Amino acid sequence: VYTDSANWPASFGLGRPASSSDIAKMDLDVRPDGKGLPVGEGNAIAGKAIYLTKCVACHGTDTTSGDAKLLGPVLISTKPGKGKTIGNYWPYATTLFDYVRRAMPYNEPGSLTNEEVYQVTAFLLQANKIIGEQDVMNAKTLPKLVMPAQKRFIPDDRKGGPEVR
Amino acid sequence: VYTDSANWPASFGLGRPASSSDIAKMDLDVRPDGKGLPVGEGNAIAGKAIYLTKCVACHGTDTTSGDAKLLGPVLISTKPGKGKTIGNYWPYATTLFDYVRRAMPYNEPGSLTNEEVYQVTAFLLQANKIIGEQDVMNAKTLPKLVMPAQKRFIPDDRKGGPEVR
Amino acid sequence: VLLKSSYGQVVQKAITHAELKIADPTKVLGPPPGALGTRSKFETPVKKASDISSRTPLQDLFGTITPSDLHYERHHAGVPVIDPHSYSLTIHGMVDKPLVFSLADLKRFPSVTRIFFVECSGNYRGGKAEMTPQEICGLTSQSEWTGVMLSTLFREVGVKSKASWFLAEGSDAAVMTRSVPVNKGWEDAMIAYAQNGEAIRPEQGYPARLLLPGWEGNTSVKWLRRIELSDQPFMTREETAKYTEGVKDGKIRQFSFVMDARSIITYPAYPQQLQKGWMEIRGIAWSGRGKIYKVEVSTNGGKTWQDARLQDPVLDKAHTAFRYLWEWKGGEAELLSRAIDETGYIQPTMKQLTDARGQDMGGYHLNPVTSWLVQRDGKVLFKSEK
Amino acid sequence: VLLKSSYGQVVQKAITHAELKIADPTKVLGPPPGALGTRSKFETPVKKASDISSRTPLQDLFGTITPSDLHYERHHAGVPVIDPHSYSLTIHGMVDKPLVFSLADLKRFPSVTRIFFVECSGNYRGGKAEMTPQEICGLTSQSEWTGVMLSTLFREVGVKSKASWFLAEGSDAAVMTRSVPVNKGWEDAMIAYAQNGEAIRPEQGYPARLLLPGWEGNTSVKWLRRIELSDQPFMTREETAKYTEGVKDGKIRQFSFVMDARSIITYPAYPQQLQKGWMEIRGIAWSGRGKIYKVEVSTNGGKTWQDARLQDPVLDKAHTAFRYLWEWKGGEAELLSRAIDETGYIQPTMKQLTDARGQDMGGYHLNPVTSWLVQRDGKVLFKSEK
């Protein structure tokens, strides 16, 4: 619709080849099948220590009062009706690794080592009752977890036309 | 093209009637036929005094050097090739009254009395050799003047299409 | 004091509007032409900011273009500062030739200019009567965008036929990521570097962003640094934990990209005080599925509906101004508008939305008909459905 | 330091872009959403001001909308400060019902939004090789204007059938006046109060101005305070001593309102330094007589011409973006564009203009084809014809 490429050259010759190291430097994403997960591993015990140092100020703990004004959303809650949390809403565990690595801690994003991200991921999964305290999270184990909410996700079924969906 | 007035009321009832005094307050224009000229009159001798006090700093005189950096355009020149001036370019004398009254002096626009405008108009016409020193300019005489350039003015003849005009 | 200078020079260079106290503007010289224009000191449209977003003052606007500095903002870790000279966009993954484009490269490609809206999918607030259009749905704005079609870049890198999704990644502190079906990339996705005639503003993704016309704003990743082609979605936090919505039977609707048709009356609206007589009821209507086909207006709470006039040209996936003449003779009235798009979708009521989606539908993709109550005294109040 | 607050609050409220020195923007939180957006500190488009006008930086712009603060300026006694609450527009003379409209009145009438250009008829400068598009013809700009059609107000005051001209008068210190044929008032004249989505800017006539689409800018009287209907023109200074042009045989062409078709290549142009390879030659074309029908581009000094691609939608009397793909392999080249409008008018060369009008044609309504010389070293220079 917007481009008429009939008279275009095969290539405009713009841009430069991306080398593997160019890509590696920014290829931060982790897919549900585990693609993108780095070497390293961690469990909840190590993760808890990190959480209590670098995360708790903004995210609180299971015992934080519901009235507390937190800078970040609640991450650990076994109370029912707590809205969307990791335990009841997140469909993939890989997302947790991916997100924490790229965006947390909020005030120092991208400052954790891969090892630390594995650890704190393990802790959050354990605190949300997905895994046990001793379970080791790494590139093998993390993609295998089936999150409680995964089965709830369905694709968009809206499609225009008179029906409201 | 842009409005579909089919369903409009006869009047939208917006705005208020303009009284004669509303209009008189801002009805500043003067037409070539003299409509709009106020009572009052003046001649070049009186006008020269005003010009030398209130206008000369920006517009100079016939003896001002051609290199002088003037804030306003040259108004008085008997030298040929002086570009567009009152004597060789302005088609109507009424325009001079209208313009000076509304816009001059540049630094104090609208500060002249009608009498003063007649006077300085007379002076500029005399200095441009349109009238004599004793000729009185008023609502009767001013519209009657036929300016030298008037016959040169023709309406726009461009009309689109392939021809360049 | 006058400064002598060449022809036409004026003199009050240093005097600002605010210092001038003008009785009769025809009697006082104003400031001369300048390097940048200004707003009148009598006009102060502003966005309404929360910690995570700021909203366009729809009730203060005319026509369909949103002034760039009033474009709504929604970002997840603030506005990054990006040097255009060190900026680059890398496209890799399932492609024949992974490439890195500088901003200058992007600008040399065949370009396209297109007017369309960007709207946050969380664009609904209700709950009280004293709410302005800005507060209700100010997370939508419209610009004239210029950039290169993503399809042009896809062609350049040679996207493999098996690639079905791509990841778009920003270079803000959230390193924002969303997965997008490749089809949208071929269809009408754009990498925009300009907005309303000039370089895109920092708040909108300077120096370059993805734009997916008609889709929820979050997918139009700003400060775009990387695109990775893949054969599956990446399931980022924004497309799983966020930007998904509960529907019936405990299900969660995911990848709900398109913004459904919507409209809002921006005049008269709270906090305007109505005067009796003729006026034009005005608003905007838009749909992520194409052109607005029709906008209907009711002045009696939905008992009867009339067609509003649409402003030409009606553009695809664009805010479309609508207008309807009305005489307020005093007395109570209830003003509503509903958009109908070219797919035949009719903007629903909040009840229709709840009926279709259930009570747990959350705050995304809510596009209910907005209703304004005109009181006897001319006060106009929002009729919140929640 | 962190401030504890409710969900999502970020913390660097006081830090401006300029203070931030960002190595990796993905590692540093940016400023939160605000009340007004900003320009990137890396982008500083500005108008070029003389004592009497300031010019739009055409070479810095994309698409077709001119950012309001970059709209060209031409005024004869500076920018007045007008309080919108005391503003009024009086229509009188040969009418049944002389009326005074407040700004609020004007805004209640049926409104219209339309995108078109405004251009000064003195919009040509030449004379040297180092000239930018802004310097050559930056006295043209385009906005999305909103207002009430003058025909709507004519209907309201009851313009008498014998009225053939009207005077439009501004409330600046020049009390600017122009005579306009009544037909243009019925056809498509607009009283605009908004520009690019918001209140019109002071430099463009706040709070309301006349707009005569396609006609020389001076006739679109800004800061409009009065319209007087008449059966003859008023022969104001601007339509006699100014804005008239010498033509052959010592004649002077008067009431030359319409802006003829024109185009200019804005990229590549001086002072850009060309790099070899593919690029898009870009520019704008416009005509006061209607739509642009075609733009032709030559890269060999006019020996051969190719059709440029026009950006949709092509609007009436509007800047229309054109684009043409070109590979510069090095060596000299001469780039030209010429606009053809829907009347069949073909943008002329300077020689055609001089041939048609004579040597004394002065500086108004000059719309010659603009030519850019590309040197071996990639320098791009204006080929001035004068």
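Things worth noting here:
Per-chain numbering from 1; labels A, B, C and D assigned in written order.
By definition in this document, a residue touches a chain if its C-beta (ideal position, glycine included) is under 8 Å from a C-beta of that chain, and two chains touch if they have at least 3 such contacts.
Just so it is clear, the model here is predicted, and its values are computed rather than measured.
Greatest centre-to-centre distance from chain C is found for B, with centres as Cα means.
Chain centres here are Cα means. That of chain B falls 28 Å from that of chain D. With centres set at the average Cα position, the gap from chain A to chain B is 75 Å. Taking the mean of the C-alpha atoms as each chain's centre, chain C and chain D sit 25 Å apart.
Chain B and chain C have Cα centroids lying 50 Å from one another. Among the residues of chain B, those touching two or more other chains are numbered 8, 12, 14, 102, 106, 109-110. Residue positions of chain D with contacts to 2 or more other chains are 5-10, 26-29, 77, 108-110, 112, 173, 175, 277-278, 325.
The complete set of chain-chain contacts reads A-C, A-D, B-C, B-D, C-D. Interface residues of chain D, counted against chain B in their complex, comprise 76-77, 90-92, 97-102, 105, 108-110, 112, 114, 149, 151-152, 155-156, 167, 169, 173-175, 177, 188, 225-226, 228, 230, 232, 234-237, 240-241, 244, 247, 250-258, 260, 289-290, 341, 343-346, 348, 352-353, 355-357, 365. By the touch criterion stated above, chain B contacts chain C in their complex at residues 4, 7-9, 12-14, 57, 69-73, 102, 106-111.
For chain C in complex with chain D, the residues that touch the partner chain are 5-10, 12, 17, 20, 22, 25-43, 45-54, 60-71, 73-75, 77-85, 108-113, 144-146, 171-173, 175, 193-194, 196-199, 201-204, 206-207, 223, 277-280, 282, 311, 313, 315, 321, 323, 325.
Against chain A, the residues of chain D that register as touching in their complex are 2, 4-11, 24, 26-29, 277-278, 309, 325, 327. Contact residues of chain A toward chain C in the complex are 1-3, 5, 8, 11-12, 14-18, 22-23, 26-33, 84, 86, 89-92, 94-95, 98-99, 102-103, 106, 109-110, 149, 152-158, 160-162, 164-165.
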